[in-house]
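Here come two complexes built around subunit A, the first alongside subunit B, the second alongside subunit C.
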Partner chain A sequence: MEKYLVGEFDNEYDLKDAVSAIRNDGFIIEDAYTPYGVHGLDNAMGLKPSRLAKVCFGFATLGLTVALWLQYLLSAVDWPINIGGRPWNSVPAFMPIAFEVTILFAGLGTVFSFFLWRKFKIAKRNYHPSFIATDNKFFVVIYKGEQRKPMSSAIEIIHQFHGKKVEA
Partner chain B sequence: MDNVVNSIRDPQIFGNKSLTDVTEDVCNVMDRKPKKLWWIGIILSLSALLLGIVAVSYQIATGIGVWGLNKTVGWAFDITNFVFWVGIGHAGTLISAILFLFRQKWRTSINRSAEAMTIFAVICAGIFPIIHMGRPWFGFWALPYPNFRGPLWVNFRSPLAWDVFAISTYLIISATFWYIGMIPDFATVRDRAKNKMKKFIFGILSVGWNGSFKVWHRYEALYGILAGLATPLVVSVHTVVSFDFATSAIPGWHTTTFPPYFVAGAVFSGFAMVLSLMIIARKTLGLEEYITINHIENMTKVIIVTGGIVTLSYATEFFIAWYSGNGYEQFVFLNRALGPFSWAYWIMVGCNLITPQFFWFRKIRRNVLLVFILTIFVNIGMWFERFVIIVTSLHRDFLPSAWSTYSPTLVEISTLIGSFGLFFTLFLLFIKFFPMIAIGEVKSVLNYRGRGGK
Partner chain C sequence: MMNDKNYTLDTQLLNKLFIAIAIGIFTIILGIFINDRIWPNILLSAIYITGIGFAGILFVAIHYVSNSGWGAIIRRIPEAMFSTLGIGFLLMLLVIFGAHHLYEWTHLDVVAHDPILLGKQPWLNIKFFVLRIPIFFGIWYFLGRPIINHSRKQDKTGDLIHTKKGVRWSAAWLYLGGIAFVISSFDWIMSVEPHWFSTIFGLYNFAGMFNAGLAFMIIMLIYLRRNGFLTSIKDDHLYELGRYLFAFVTFWVYIWYSQHMLIWYANLPEETVYFAKRHAGAFGLLTIINILTNWLIPFLILVFRKSKRSEKTLILASVIVLIGHWIDLYIMIFPPLIGNIPEIGLLEIGTIIGIIGTVSFVVLKSLSKWNIIPTKDPYLEESLHLHT
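Moving on, here comes the complex of A and B:
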């Protein structure tokens, strides 16, 4: 708690405006805590776009390759069976399964990566016992140190946007 | 905060709720002792389920000879039920994924329970092909795993093998999507739970969620990706189901219009089922301010559109049968409309063509009781659509000497009733033990008319 300053707000707009103002003043925003995904807060906090989409594409490519390769291997190489005179490697007929497996790999792989990012522990536990952001409170956590201005000016901004400082 | 209110738009949620009100209203449903109506519902559905279990056990012990199938009609009740339940599932994914991608904010109050409905419907659907195998304990043979029979692999060119992959992928991805969507709400339930046991269970389910925005940021990316994956998936699933018929050489099945026809029909029947369930749920749980009359009206509009596509498909089928000049094809369609199963055909046409037309009237769209009755008719009509497609195409085939008829036995009817029992049991347990409205998502649309409305 000594390392952080915590401000509490009643709605997303005050939080968003305060976060922008605090960040513009040169403070480091450690994190914000909100009951729902606030639209536009990522820009206010300066978060980089998530790389999950690229991860998803990687897993999708893997799924497609595995599915096509496996179907080819099993129906054309390992034990070819003549079914209605179709070619051993009937790629068009392999497409539905290839598609489903692609989706399966992409979905599960992305979810797995999401959990892996925090080693299956989505978030660090609370900074403070009264700090519960799953109901109706919005919090901003500011890292102390390295900033040019005194912490009092951050507290001022919090007050300016109808927020209050959470006492340790 | 400035109070800009757009007076043209209705609010998404009625009753001028605060953030805490949403938490309390939704969580209270889980805390309260269930009403009498819930107990009546669960007893009825458990009895139906029991009947189904008895019927299926008898069928497995005796063999599928206890069904009314014969060598001409080799597929009937069982596959009808399978296609019916898979179709029901489609509305859930449409609401949760496609409406999400289209930024339709009204989905927030209904998406959670619609997704739950999807999963339960797919579970019900999955039972039918498995019991149709006759020896369900060998059901895993449908999967390509290294075995001591050669290894002899599954036939990847067969639509039935495609089905295995499509349905299981659909079940896994929908369940994942559902769970991911519930994590923030599990945390809300955990944080306000007084009961230690509940805190512990929801603590595990919420994997340490505490509302950190850095996590929200990734979470929203993940949610968008899953929605993007579920959208083509849902279209592919019913397409593959329609391939079971369309890739065969049976007149009445062998048509290229089947995939879009089946997908539209699935969404049509699914929305009818969502509406029936939501109307019951909002009434019995007192959630009228969350699942508002506007939600009901929006869903009926989807029914008009998909009902229109279904109507067009019926007309197209007849036109193509005539235009193809193929005698067998023409016979099948005339036989459908005028033959021994014409009663089923006209029930289907009556329910699926006429019912949605009532929804053109705003007065009817906003009359909850009428909407409920009409959606039941849509459900009946869509069940008969699958029955008509499957049985009428088979029962009079190429050789008149092989012509036959079909009527379901008691075992088959009991199995159908049992699947409804399973579906409603799961749904009633879900609305009792899980947050049935997406708390976090509803909170984000409370300011829909103010600065939140985009």
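Moving on, here comes the complex of A and C:
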């Protein structure tokens, strides 16, 4: 892989410190790979909060509206049926379905938005530095793009935090 | 690291709290002589204050049995809330003297001509009712006390055995305390209308009680941090508590709706009578306010990540929830006793001030006696580094 520089670390603390140091030096962190979720790594990498929450809220609102509107249309306008003498537009009876449809829309909408967003395709080969990242090693992947400093200074930082450069 | 100084009550605040307590006591004594409406107010206050203490020890017990780490640093606040159970017990003993004004089933002449009440008499009679009060409080207190004692002993010895014992007592407390809570809400609140019944009523009360307890905890936490006592608290801890509150206001409306929808759907006269009273006229307006304050407004405030991390919005949501819990209890207790028009006068305001003063004083006093942080808890380090 010519596009990326990969550093390997033995523990999360070195990785976290190295990631912030490398980022402060002006390099672009492509991604970090760890065997488990590391608290504070998102801050070190400078990741912004996910925008999926807003998408989720949008879909939930849409689901609620659709469910209420559909039930109103069916049971009060198009085909009114007298059930126990209750009014045709009985909002309490609509609530369980409105609740479920809201969740359905929000869940599916969020998942498929995520797939679209990340250009997900079935059987797409993804870049992965090394499969020891699922075992006991920690990796940082640096993008060799438009950086101001030579790549060697990034390698220096990796060494400084007890890591090593690996060929992935 | 541990530069948190222990809490001390300053005299200025103490004077204010004493005035509030005095107003509360004065209202109760005066009310007993001039107006029967004081009795539901005393009952409401007793349940509210007991609920705060119950929520505190419940929070501690949940964190023990789930081995959760983040809550260790704030544990002394719910532990201090536990001491309000004593005040709740005293007020509940006072309620016994007003049982005749509150509970229809204490009128033996009425019961004798009422087959439904006659059938419920083995459970709903004054002797057994009085006997059950110390049983409930006994379960909550004597199973809860060891949890807190172990936590405090650990401050001195740092022994891991105290955490293990805490887990065991917590498991026992959660099981028996929960059952006692459900039965107590049947006893104290539901039997105000002895003909009506709802099996979900205990759970509904649990949801409201835990909301109020969490809201109180958040306010205490922010108060202590602002005054420089619990400075190790990060926004992340507030965020966790905000999420708790957010989850449980939603849980509350879920239970409220479950109870309401099933009764509305089945449409049985002996069940709908409850909502017929509460959805008409001025009480109907109060029911809408109840849902707004207990769910919709806090939900809309807390749904955003930023508002769960900011002191101002958290305090706003918590105060709304605390007011909402009072209204919730008011709607449950008052309608059969005072008729169709809700009366909120000086008696209610006086007892509310009394509740605020008593709960704040008891909790802060208890907080000032011990380290504000469980200094040798095994989870403390994890709690200090909480990151969400």
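Basically, the second predicted complex is superposed on the first by the 154 of 168 C-alpha atoms of A that agree within 3 Å, B and C clash if a C-alpha of one lies under 4 Å from a C-alpha of the other, contacts with A are read in each partner's own complex, and residues count from 1 in each chain.
Here is the rule we go by: a residue touches a chain if its C-beta (ideal position, glycine included) is under 8 Å from a C-beta of that chain, and two chains touch if they have at least 3 such contacts.
The structure displayed is predicted, hence computed values, not measured ones.
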Superposed partners subunit B and subunit C on subunit A - clash or fit: clash
Which partner does A:78 reach: the first (subunit B), the second (subunit C), both, or neither? first
Touching A:135 in the superposition: subunit B (first), subunit C (second), both, neither? first
For A:39, using the defined touch cut-off, is the partner it touches subunit B, subunit C, both, or neither? Pick first, second, both or neither. both
Examine A:8 and indicate which partner it touches, taking first as subunit B and second as subunit C; both and neither are also allowed. neither
Which of the two partners, first being subunit B and second being subunit C, lies in contact with A:100: first, second, both, or neither? first
On the superposed three-chain arrangement, identify whether subunit B or subunit C touches more subunit A residues. B
Those residues of subunit A which subunit B touches in one complex and subunit C touches in the other: 39, 49, 53, 84, 93, 96
What does subunit A use to touch subunit C in their complex? 39-40, 43, 49, 53, 57, 84, 92-93, 95-96
Seen from subunit A, its contact residues with subunit B in the complex are 11-14, 31-39, 41-42, 45, 47, 49-50, 52-53, 56, 70-71, 74-75, 78-79, 81, 83-84, 86, 90, 93-94, 96-97, 99-101, 103-104, 106-108, 110-111, 114-115, 117-118, 120-126, 132-136, 162
Can you list the residues on subunit B that touch subunit A in the complex? 1, 18-20, 23, 144, 150-153, 155-159, 161-162, 165-166, 169, 172-173, 176-177, 180, 183-184, 187-188, 190-192, 207-222, 225-226, 229-230, 232-233, 236, 240, 243, 440-441, 443-444, 447, 451-452, 454
Listed in rising order, subunit C residues that touch subunit A in their complex are 257, 260-261, 264-265, 267, 303, 305, 385, 387
